[in-house]
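See the structures that follow.
Shared between the two complexes below is chain A, which has chain B as its partner in the first and chain C in the second.
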Partner chain A sequence: MKRHYDPFLIVSIISCVSVSLFILAPIIQLLLGPSWVIILESMRDPDIQKAIGLSLYTSGIAALIALIIGTPFAYLLARKSFFGKRVIEGIIDLPIVIPHPVIGIAILGIVGKQHWLGALLHRMGVYLMGTISGIVIVLTFVGMPFYINTVKNGFEAIPVRLENVSRSLGASFRSTFFRITLPLAFRSIIVGFIMCFARAISEFGAVVVVAYHPMTAPVLIYERFTSYGLKYSQPIAVLLILISLLLFIALRLISRKDINL
Partner chain B sequence: MTYIPHYATYDIKNELKMIRRFKKMKQLQSVILLAMIVLSGIDITHSMAGPSGKLVIFHAGSLSVPFAAMEKHFESKYPKLDILREAGGSTKMARMISEIGKTADIMASADYNVIDKSLIPSHASWNIRFASNQLVLCYTKKSQYASEINNTNWYNILTKKGVIWGHSDPNLDPCGYRSLMVLQLAEKYYKVPGLYDRLIANRPKRNIRPKSVELISLLQTGNMDYAWEYLSVAIQHKLQFIKLDDHINLGNYQLDSYYSQAKVNVSGKKPGTTLQRVGKSCTYGITLIKDAPNKKAAVTFLDYLLNPDGGLAILKNMGQPPFIPCRVPTNAMKEKLPEMLKHRVVVTD
Partner chain C sequence: MIQIHNLCIHFSGFSLNNVNIHIKKHEFFVLLGPTGSGKTLLVEAIAGITPISSGKIIINGQDMTHVPPEKRKVGIVYQDYALFPHLTVMENIQYGLAYHKHGPDDLQRIRDLMSKTGILNLSNRKIKNLSGGEKQRIALIRALAVNPSVVLLDEPLSSLDPGFRDDIQNLLKMLHKNTDTTFLMVTHDFAEAFFLGERGAILNQGTLEQCGSVNALFTSPKTPFVARFMGFKNMFEAQIDKNLAKTDSFELELNSPITPDANYICFRGEDTRVFSTRPNSKHCNTFSGRIQDIIDKGSYCDLYINVNNILIHVSMTKSEIINNAFCIEKDVYLVIPKQAIHTFFC
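And then the complex of A and B:
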């Protein structure tokens, strides 16, 4: 019997292979570039350890902030329709479309002394230029839309019916949210967390405007590249990719486990 | 027999006619398209007379404003030419060419030494000095002590607690190590031992930026009170600034031996190694990249830039004193210049 191949299937397979290659080819080249000796040497470099640590720390805090502030907001967007909702959804997406250095400049604009908010902060002795808090603010700014959009979709996928049943059986709004909605949305919350974390870790353009020192890993990669060249910037990139990969696989595994319960 | 209304048959006939006409039109279109392709090919060979295509220029961040003006002027002269500029710390831009293999036609550096050290001999063969500059201390009306600061008390103000001042990264930007040299020379010139260390102690690392031009937005947004910049940059961005004595501003090449007292260590070829930069006047260098894709346009542009009535006049108007005429250090280097540019330079060290 002659096998029949759907031309669409063939096109899909071709596009799958070419997209994968398109993404993997430069990354494989990057991973194969530096020798293991240099990578091991870099792992012991205190500057690199500090930068990668700072990147993980600030991105993690940014993702946590997104989780705490963003979850109730995402729930609101998923469940209620109100006047101006489209506008608010548009505003949330703004950080994705604004060029990164512009985000940095915009943030510096309100934390400087020329702006009343910045003047107030300066008087209180809070400096955001070149500080860890400044980095966290930038990373939260760029990561927030990814968290909210993902979690909003997660909440939308949960049938309202279940919440109504819970409430009709006497559960309060709050306990319905924590005992019914939240556990069901757990996976999408983890995915949103990962997305926000990943987006934050990769941010360079906005961070370098607000804080050059202390250096996050992408800024250190840039600094090493410009002052020493490719050879000494590649190993940091490789380390950063490997660490992020491990972290994200771990988080995905956690979320997978829970969905099977 | 089914009844076909009159208007329906008419419609179908008309449609068939339209389809046939459309097919003919398509044939005609492809003929026209083919003709256009052939003609445009002829057109390209015709326009070889003047420079055309793309001209890629890498230049120091501090040259952005005058080079933008030159680009506009030059492109209006040669409308078929598209100048693409990329600005950055000079050392970084040179690395883009030598290590990443990015293609460029022209490279202009804020320190002519960068071209000598990282581009010659493999990526360039000559280096013309075309302009000078000097360092100034920039501020805005809102900076702390803005009403008090002058060119005799500036270093006292920079050591005051709470005053936020910065410079660019000495490892990435010549303006960065030059700022440090100014501070060292100030210690010698004002005869205040330990001044340099006290100044640096009041400048936390977070006040350092990759490029000096980036400090301007920090000044303007009130995140920083004072920043070290080139005079040209201060004028182009309409900043307030303190002009310093020639002995410390690195602007007068006749004082090069005095400037050489200042020594700053910057990062070397490997992390952990350093390289010593010795004080010298700010002298800008420009070169043609050896494998420039558009050599013809590049040489024409250089001829325009080195012309006292062309690019050099623009530099002068923007606070960046040009060398008239421009300079090369040796006769041997002058010999290596493209014929068209030889009359634009003199040999002097």
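And then the complex of A and C:
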């Protein structure tokens, strides 16, 4: 008997294959482009080592800041209803929709000497233009919405009744948060951290405005591309992809332990 | 024990209005009402989880209105168990001990409770793969582990299979008997309320309709809502003069005493008797009628009998129907015992 296939299923499979190819083709080409000899040579290049190290370091710091500041904020958004909540949620999403060079220009505007805040920071000896601190601020700015939205969804998925029961058993609000809410939201916090880190490590447009030097990996790739061409930018890109991939696999493995709510 | 004075809660478009309830020490109190009547809101207000708009909540003589939940000594058990999924059974049960002074006696008491309820062998199991009945037992023991003065049960039997439901009902009765704790249980099932409760209250759309002994709620409703909710399907407006009630279609002799200014009568289908032939003259309130409909409800049947163009509901077993050869369009005689007729003012 001839097997019947649903036309919708066929369309879905075609769509799945096309989207996967669309994403994978340039990445595969990029990975296959440079030879392993060139990649190994690149790994010994101090400029490349420094740029990749800086990207990992600044992205990690940005994700950590998002975790520390963003976790209580995400909890507030998940659990409380208050006047202006929708507006605040809209504000959090702004960095996603604003063009990235505009973000860099906006940050420069506020930390420049002309602005009172920038002037104050300068008097205190805090310089953001062309510094690691400046890069971290930009990366935190672009990565924060990804962290907060992910963790907020995680908190929302935890039934509030678990917290109610914990309180009724004698646990304070703080104790309930650390013994019940946080362990149950652990997975979403890790995922939010990865999302924020991933967004930060790939940031170019805003970083290049605030701090061309010291060079992060995306800025170095851009510089090698404009100065020497595709051949010299590809190995750094491959290394960045491989390092990101390794890091994300490791983090996913850490957060694999799933809890059914 | 628990005194609720003029409690008002306004909560996202819903209001609980001027609720007054007094629950005695070690009482099993049931809070009845349909879905959306405000039962859970009231229970969460007693637990300190939901903020109240006005009124007072006094527990053990202490004003607890603004006391945080962890200081009230009020345990709560939800319909969906609310067990902590990342902890084992024993860790769940002993969760609250970290916040209360406890010694070896308490640990032994908990082990005894677990043993009596058949969950001791589950101590090291994770919550994920347990049955509904096991989960509800754990939730109950967890609430009792910290020796609360009150346990609030929010429809603890609703999500259980009928077999488990009977088990947990018996368990609740046993736990209430063996502890000093006051139980307040939310339910919309009056069979549960009748089995477990000593006194109770009925809520409807945020308003307390009636409060009293469960028997009084069951037999002497004070409002049409309570009558309908407690299963009185036969309810008629009537002019009542001394011991006689006149409806548009028939007259009924009543038992004394009659509610002052009463203008409604009601009676249960279960209390009404049906005969194939006219019963002897000692029965008052006898009417002739015709069976208009018979609805099979499994173990029993609902009959609707047309008496002077008014439908009277009667419940009877299938065997009674077969023995008397009752069928649709059959002429029958109906006896409504006067002691089964309840009057109220509305």
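Points worth noting:
Rule of thumb we're sticking to: the second predicted complex is superposed on the first by the 252 of 261 C-alpha atoms of A that agree within 3 Å, B and C clash if a C-alpha of one lies under 4 Å from a C-alpha of the other, contacts with A are read in each partner's own complex, and residues count from 1 in each chain.
What we mean here is this: a residue touches a chain if its C-beta (ideal position, glycine included) is under 8 Å from a C-beta of that chain, and two chains touch if they have at least 3 such contacts.
Since this is a predicted model, take the numbers as computed values, not measurements.
Annotation for the three-chain superposition on chain A: chain B and chain C fit side by side. The superposition-derived angle at chain A (between chain B and chain C) is 140°, Cα centres, a multiple of 10.
Applying the stated contact rule after C-alpha superposition, one finds that A:164 touches chain C and leaves chain B untouched.
After overlaying the two complexes on the shared chain, residue contacts for A:73 are found with neither chain B nor chain C.
When the two complexes are overlaid on their common chain A, residue A:112 makes contact with chain B while staying clear of chain C. With both structures placed on the common chain, the touch criterion links A:248 to neither chain B nor chain C. By the touch criterion stated above, A:204 is placed in contact with neither chain B nor chain C. When the shared chain is aligned, no partner comes close enough to touch A:177: not chain B, not chain C.
Set against each other, chain B and chain C differ in how many residues of chain A they touch, and the higher count belongs to B. In the overlay built on the shared chain, the residue A:232 is in contact with chain B alone; chain C does not reach it.
By the touch criterion defined above, A:57 lies against neither chain B nor chain C after alignment on the C-alpha atoms of chain A. Per the superposed model, the minimal spacing between any CA atom of chain B and any CA atom of chain C is 28 Å.
Counting contacts by the rule stated earlier, no residue of chain A appears in both its interface with chain B and its interface with chain C.
Per the touch definition, chain B reaches chain A in the complex via residues 89, 91-92, 95, 99-100, 142, 169, 171-172, 204-210, 214, 217-218, 220-224, 266-267, 269-271.
Looking at the complex, you find that chain C touches chain A at residues 44, 47-49, 68-70, 72, 74-76, 78, 80, 82, 84-86, 95-96, 98-100, 128, 142-143, 146, 148.
Interface residues of chain A facing chain B in the complex, by the touch rule stated above, are 45, 47, 105, 108-109, 111-115, 118-119, 122, 129-131, 208-209, 211-214, 222-230, 232. Residues 159, 161-162, 164-173, 175, 179-180, 183-184, 259-261 of chain A are the ones that touch chain C when the two sit in their complex.
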